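Two complexes, one shared chain (chain A), two partners (chain B, chain C).
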Partner chain A sequence: MTEWRREKLAREARIEAGRVHAAGKVVPAGTAVALLEAVLRPGDRVCLEGDNQKQADCLARALSACDPETIHDLHMVQSGIVLPEHLDVFETGIAKRLDYSYSGPQGARIAKMLYGGQIQLGAVHTYLELFARYFVDLTPNVALIAGVSADRDGNLYTGPNTEDTPTVVEATAFKNGVVIAQVNEIVDKVPRVDIPGDRIDFVVEADTPFYVEPLFTRDPAAMTETQILIAMMAIKGIYAEYGIRRLNHGIGFGTAAIELLLPTYGEKLGLKGKIATHWALNPHPTLIPAIESGWVKQIHCFGSEVGMDRYIRARPDVFFTGADGSLRSNRAFCQTAGLYACDMFIGATLQIDLMGHSSTITQSRVAGFGGAPNMGSDPHGRRHPSDAWMKAGREGEIVGDPALMRGRKLVVQLVETFGDKLVPTFVERLDALELAKTIGLELAPVMIYADDVTHIVTEEGIANLLLCRNADEREQAIRGVAGYTEVGRGRDRAKVEALRARGVIRRPEDLGIEPLDADRALLAAKSIKDLVHWSGGLYEPPARFRNW
Partner chain B sequence: MESLTFRHTTKTPLPGSVPSAITGVVASGNLEILLERVLPTDVCEVAIETPIAGYGDVWEAVVADFVARAQPGGLRISINDGGARPDTVSLRLLQGARLMEA
Partner chain C sequence: MAGTRAARIDPDTVSWYEATARQRVRALVDPGSFREFLGPTERRMSPHLPLFDLPRAFDDGIVVGRADLDGGPVLIAAQEGRFMGGAFGEVHGGKLVGLLRAALELKPTAVLILFDTGGVRLQEANAGETAIAEAMRAIVDVRAAGIPVIGLIGGRAGCYGGGGLIAGTCSRLAVSEGGRISVSGPEVIETNKGAEEFDSRDRALVWRTMGGKHRRLIGGADAFCADTVAAFRHAALDLIRRAPTFDLATLDAEQARLESRIARFGECRDATDVWARLGVNDPEAVPAMDTRAFDETVSRVGDADHDAR
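Moving on, here comes the complex of A and B:
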């Protein structure tokens, strides 16, 4: 007779072994190692919650302290490789295989370990892609997650950084897996129930509050005139041109400058209410002046941002908040929103090649993808029109029946022609290709493929790649905005001028922008302190940004 | 330290009569520019002191584009570079020319 309940029985055995170390569901931090050694089995697929921001750091320390004789060869399936412990487990043999999305802070070390063969890499995913695989072929046996508080039944309050938690729990708890949550405190009643208690098997009261990375705070004091010029061109040449209302911003200084120019430069152009009203975005502090000036109708968030909690609580018309008043974020839903419900993604990158492929990989760092490839791609499954989407579709249409034309998402790369230390952004060949060869990746880690990119904006101008009709035009359009980089100086001047005459390339003067007007006086806030003032004192910046 | 000098002929003198101006600061990634109206009105000379060697052809291109655009006849321009990127150099040169035109 077929046994249909093997996984269920295995789960019950794990729970029973773990119960020895718990009072009900509650486990003290000091016993976390014993709990994990009781619940885990060699070869398990484990999701150790490491999100873009929130980190299950207490459980990460416990896992890395497990005895490799008992717990070994784990297959880690988690979105973020952020903490040192996330890689320590591969050095000791506790973990062997890895499928993940983002490794920004550990980019250099993970590159070394991949090269040294200490990690067997499955793939580097986008967030949505990894989440999707949680439900198909990477379902965790055990999930180690983080929340702010829990009651004794396991009802979990994640706080504003809900992020990946509901997705991870959904995949684990409903497929015979074990869910262990670390919380900052055990309470009698949680402020709101983000995860119902019957999906949580154990609650570990952490020794210290979980770590949150402030990833989305850009100090206006560090913004340059070049970034302001690029932002002015983007607002006038793209936001206004296409009437972009629904959008997602990357985390760079260029897009932060755009946020700070909306209430000043945008207002002067009469664009309030016509652009940038609906967002899929983390709560960027630099968006505060635009929110306070009435530009923003609503924002759905992937996660929260350090210091923004009080401000968000006071602006429930703009943000998604729970019955308790605090932000409810959700990475999977927000990524989906960015993919299907936004007309534009605009963000920065480190390298762009002659066709427009881009990558954030350099030869010694593997930063992973996060969400950018989803935000920055044209979803072929979209079926609802909007003016911006249809206009882009018309521009990109070369052949075929106009009656069957579909729209295009705008995917805009906003870059300065040179990065730090005079490193050129435009290159003949992406470093990602070399890295793929070195560590034996089957798929070169390209952040955004050329066929998804619609515009490149630099301080020299805007290249509209939708209007390019062949590969040669495309290459010259890119060279034509690549400034004084080798790629830029290698342009065919006559062809570039011809593209400019057709509006494929637009210079600041073609847009009616005087580069000398790109002044810091245009920024709605010139410092973090200004942002605090704009928020009426509600924004509480982290210590490292308080320099007054 | 590398020293570079570029001499160009211009079609017109730079408008205005301001005798000299300074713009920018000597800081990492930035530069200081001194502009003096001391040369014949159809000549512009740009002298550069930069801590980063090997970018002569980039400087040459940046200066040539600036001269073509601003027609800064009559100016001797001295640049004290702190490792500025080309776009910053362009911007500072144009800012300097505007100060001289005032």
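Moving on, here comes the complex of A and C:
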């Protein structure tokens, strides 16, 4: 007779073994290693919650302290490789295979370990892609997650950084997996139930609160006039032109400058209410002046941001909040929102090639993808029209029956021609291709493919790639905004002028923008302190962003 | 074009912290009265920077000249913090020293130094260090001649290294919240003593320890300004009037003030401990105070104003 309950029985055996170390569901931090050694089996698929921001750091330390004789050859399936422990487990043999999405701070070490063969890599995913695979062929046997507090029944309050937790738990708990949560404190009653207790098997009371990195805070004091000029061009030449109401911003200084120009420059152009009203976005502190000036109708968040909690609590008309008043974020839903319900993605990148392919990978770092490839792609499954989407579709449509035309999502790259340390942003060939060859990746790690990019904005102008009719035009349009980089200087002057005459390339003066007007005086806030004032004292910036 | 942009500068709204050295000078003094010495067109540039393949500035990062302030003639020097952190090189230092020496002949009502500097320029350290010493000696001579030397500090680079030493010899100092005054910078302290001693990334700590509010509360600065050019102008005029005579009594008083300061606060671990001992009711609230609330706090602290220096 076929046995249909093998996974169920295995799960019960794991719970049984773990219970020895627990009082009910509660396990003290000091016993976490013993708990993991009891629950885990060699070769398990494990999700060790490492989000964009929130980290299950106590459980990560416990996992890396397990005995490799007992626990080995794990297959790690987690979105973020952020903490050193996330890679330590591969050095000791506790883990062997890896499927992940983002590895910002560990980018250099992960490249070295991939090259050295210490990690067997499945693939580098986008967030949504990895989440999707949790439900198909990468379902975790054990999930190690993080929350702010839990009660003794395991009801979990994630705090404002809910992020990946509901998705990870959904995939694990409903497919015979074991879910272990670390929390900062055990309480009698949680402020709100983000994950019901019957999906949590063990609760570890962490020795220290989990760490959250302020990833989305950009100090207005560091914003340059070049970035302001680029932001002015984007607002006038793209936001206003297409009437972009629903959008997602990247995390760079260029988009932060746009956020700070809405209440000043945007107001002067009469755009309030006509652009930038609905957002899929982390709670960027630089958006506070626009929110306070009544530009923003609502924002759904992937995760939260350090210091924004009190402000968000006081603005429930704008943010998604729970019955307790604090932010409820959700990475999977917000990524979906960014993919299907936004008309534009605008963000920065490190390298753009002659066709418009872009990558944030350099030869020695594998930073991974995160969410940009989803946000920065034209979703072919979209079926609802909007003016912005249809206008972009008309510009791009060159063949076929106009009655069958569909719209286009705007995917805008906002870059300075030279990046950090005067490294050129525009290149003949992406470093990502070299890296793929070196470490044997079947698929080159391209962040946004050329066919998804619609506009490139630099301090030299805007290139509208939708209007390019062949590869040569496209190349010249890109060279035509690439400034004094080798790529820019390699332009065909006559062809670039012809593209400018057609409006494919637009210079600041073509947009009626005087570059000398790009002054820091235009910023609605010039410092973090100004943001605090805008928020009525509700925004509480982390110490490293303060100068008072 | 430059003229129309300059004409837009309104001293009441221009942020001192944001402005360039030239914008500060133009907006600070009586309209149209500034005459620059050795301006950028004369191209007195650093002879040393080309050795290091580093770009030079036509004015070597300092603007010097004469102007009127409320009708009275002043000499004025303004460091440009955006060029090499406002650091003292040979030409930069020479321009400041020359201006101070000229004061002995021109007898202005005051010399104003708009500090915005990280200290000596490493690439021309010997010349820079010499300039610091010469500037300090020149200030002493100017003050001895009865001309007050007023330092205005509120730029991005702060007033560090030799700039901090020169500031210490001025008759009076005005500072804004964003301004910082010290000798060793946060990174230098961290490098030498470790992050446990001083975490340079903890900017709240940096400003608590070196920032304008702390310097004002302990009497290190004599006026606290909002971050506008108009506020600095107002403070400069007020400090010129209040400048102490430069004599043995003043120097003795300064020595006594500094000795009692180290005795009272030497063992404090944090600026908030110092503020508490000064009698500030809620030290934790000081960093977030606006200018008016802070002025009220200062007026209740005895040590902030003194006849010394």
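Heads up, the rule we're going with is that the second predicted complex is superposed on the first by the 548 of 548 C-alpha atoms of A that agree within 3 Å, B and C clash if a C-alpha of one lies under 4 Å from a C-alpha of the other, contacts with A are read in each partner's own complex, and residues count from 1 in each chain.
The rule is short, and it goes like this: a residue touches a chain if its C-beta (ideal position, glycine included) is under 8 Å from a C-beta of that chain, and two chains touch if they have at least 3 such contacts.
These numbers come from a predicted model, not from an experiment.
Of the two partner chains placed by the overlay, neither chain B nor chain C lies in contact with A:T208. After overlaying the two complexes on the shared chain, residue contacts for A:L516 are found with chain B and with chain C alike.
In the superposed model, A:K526 lies in contact with chain C only, and not with chain B. Applying the stated touch rule to the two superposed structures, the overlap between the chain B and chain C interfaces on chain A comprises residues 516. Within the complex formed with chain B, the chain A residues making contact are 224-226, 229, 416-418, 422, 459-460, 483-484, 489, 515-516, 518. For chain B in complex with chain A, the residues that touch the partner chain are 52, 55, 57-58, 61-62, 83, 85-88, 91, 94-95, 98.
Contact residues of chain A toward chain C in the complex are 221, 516, 520-521, 526-527, 532, 537, 543-548.
Of all the residues in chain C, the ones that touch chain A in their complex are 1, 5, 15, 17-18, 156, 177-178, 201-207, 211, 213, 287-288.
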